[in-house]
């Protein structure tokens, strides 16, 4: 038996400003870009353009670009999982911290990395991870062999995790903080140990935050450019790196557009699927 | 039993301490750069100097960029929190169809490399003959800031106990009173978290700004990127430290004035 | 307390002030604006701090410089009759991309830019569209404290003792990297256009660290992350006087030319001013100021640099003859294929 859908309430109008912003400044320009991806040139400066599929053909012709897509998704997924594992304990601590000063200090510690700026922060990681960087010089001083921490996917993931853990933490903190403590107290009152309470009460209740945080981090990680370029060297090729190259060095706006369309389509599909699976777990069908 | 409790708690604290150290390590490096006298970035440091800060503060290009970045970021925070919160409420409470589709769609600007968004916006403005006004920059930043506010506010709304609202209604409060005096305060932590993101995202935004800034109207990240292509010295580290200190001061002030902490748990 | 009296004098002063205020925007609106591009860093400081104010004063105009690279996509996104820039300053490879699309002029007129007559031939050769106002020589930067002798040949980069300690550039995005690839074709094969030989040579260079701009290479050399890397002389000489254990080596097979090229957009409404600006950049005084600031070599024959600059830079007919210019038109036509091939070679 299907439940009759409730009437759309007037508060639905709240979506209007966001919708307007998106239609005008995202969907429209994105449409322009998608259009460019099927044209042979830029009609603004070159009136003799024709429709063509050659940009998409090029994409599917060579396995280089498919590999880049796979690498992008893989790096995104790994970054998300690690950010979650690292971010959750910190968010839990922050949400449960009683001291106001301690909470403020943690908040600042979490936000500070984001404020260094993408350019400087990546240079800082280079200084830490490179072959003659801080970590390797320390290792050698201690008598160990140096490790290849950079110019590979490891370095890229470390750099990305570092940037995105704060996003995960801040998303989770609000949700965990709002979990009703009495529920946890009730569980332990009924004899559950701390770990079991966590596993069966806190964790499920924080699932909306986990969902929101992981979606956010995944979306950001798959569109990252500066970090993979600087920390991956030539050994890591992601789709954003390809797109940047095409826009700023090869000037193939059509091909860049095609890459963008594919990246967005695949990501939207993945996100939608993830959203659906985890959404079912939280029972958010009936959130209204 | 208490020993096991103590052990688990110690492990918990150690783990979190290590995470915080991981987060702060690069900042320590940046601080070292900013104070290191050598005119290039190196480790180990050879001394302490303030000349990079002096260089930063006495450069009109850096200072203008700093003020523009702050100005744009503040406007973006206001716009994106309002737009994002309204959108979250609409999606969560408006009984609109396609909840998951809507949230995915509004998340999409983040999935597309910002260089494409920047280029597409630039092309649009040029086609419309608008040039590159500052409000264009604000719009571009707001576009990528709204998804954050939306996600964090939605996450809080999903954990909501509707019974508080129902109780207020049963006690005789009108729907609008329930909204303003119960709902809004309860979603504040989500909106504030989103607002913090919005500020950071706008302040640190690079690819979209690259396309939408005008000569002598450049934001700090653009100026820093250009600087670093041609000069590699401590001034960029000094710029970084100043940004951090400024923003943290703002957070601290905010904390003192409205007590952020109180909004995380209720 | 004196009472303020409304005297005729005050009235006249007030009216004059009001008139001036109303007229000022009108006067300001008539000041012509020249839109151009400029790199940042030290170059930008000197250009915007000294060179441009002098030009603005002399020609009663305003010059706006865009420092947010990349320039080409922005230029391409604006209509040809209302281009984003009047004067485009960028590297040769980008100028060639632009001229193929009709976004910049193929050649500049010596009638409109008198200083063109005083330049070395390479500055207006057929490998350049527009004019090369400055150049640097691409060779090797290397560390002097690792017991290495000065590299004499481009082939030295492949020396096994440099494995894992040599550097070049991400070829799809960096023109030094692209020029190095072409050079590999010349050294190991039949010439600058022998891509097969170049690809083979590139394979032999692995492992090699790749950077996306020269600043990254400079940092790598300074921190001993690499001991030898492809770099232009300006990238080493700018640390002159700081006692860094790095030096520049010009390989015997010749150095490549990294040109700074100025050009005009066909649709510009400020053609006369644009020509004057380029002429200004080519004048001996301005050339001297900028060269000595960032260690570029000037293209005007009449420039007299300081002694220590003269010793190292390419400032005579004989020295300038050693600069190798590449065929960017040829390269750009094949760029996509080259990029794909190179990425495959280096990624595996």
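Just so it is clear, A, B and C label the chains in written order, and each chain counts residues from 1 on its own.
The criterion applied here is as follows: a residue touches a chain if its C-beta (ideal position, glycine included) is under 8 Å from a C-beta of that chain, and two chains touch if they have at least 3 such contacts.
Values in this document were obtained by computation on a predicted structure and should not be read as measured data.
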item: Chain pair that, of all pairs, has the most C-beta pairs in contact; value: A-B
item: Of all other chains, the one whose Cα centre sits farthest from subunit A; value: C
item: Chain centre separation (subunit B, subunit C; CA means) in Å; value: 35
item: Between subunit B and subunit A, distance of the C-alpha-averaged centres to the nearest whole Å; value: 14
item: Sequence positions of subunit B contacting 2 or more other chains; value: 41, 43, 119, 123, 126, 228
item: Contacts with 2+ other chains: residues of subunit A; value: 44, 123, 127, 133, 244, 247-248, 253
item: Multi-partner residues of subunit C (each touching 2 or more other chains); value: 69-70, 73, 77-79, 219, 223
item: Of all residues in subunit A, those that touch subunit B in their complex; value: 5-19, 21-22, 25-26, 28-30, 32-33, 44, 86, 89-90, 93-95, 100, 103-104, 106-121, 123-125, 127-128, 133-134, 137, 162, 165-167, 170-171, 173-175, 177-180, 194-195, 205, 208-209, 211-213, 215-216, 219-220, 222-223, 225-226, 239-240, 243-244, 247-248, 253, 256-257, 260, 263-264, 267-268, 271-272, 275-276, 279, 282, 284, 287-288
item: Sites on subunit A touched by subunit C in the complex; value: 42, 44-46, 58, 62, 64, 123, 126-127, 130-133, 151, 229-230, 233-235, 237, 244-245, 247-253, 255
item: Residues of subunit B touching subunit A in the complex; value: 5, 8, 12-13, 15-16, 19-20, 22-27, 29-30, 33, 41, 43, 82-84, 86-87, 89-97, 99-117, 119-121, 123-124, 126-127, 139-140, 142-143, 146-148, 150-152, 154-161, 179, 189-190, 193, 196-197, 200, 203-204, 206-207, 220-221, 224-225, 228, 236-237, 239-240, 243-244, 247-248, 251-252, 255, 259-261, 264-266
item: Subunit B-facing residues of subunit C, complex; value: 35, 39-44, 64-70, 73-74, 77-79, 84, 213-215, 218-219, 222-223, 239, 242, 294
item: Subunit A-facing residues of subunit C, complex; value: 69-70, 72-73, 76-80, 97, 101-103, 164, 170, 172-174, 209-212, 216, 219-220, 223-225, 335-336, 339-340, 343-344, 346-347
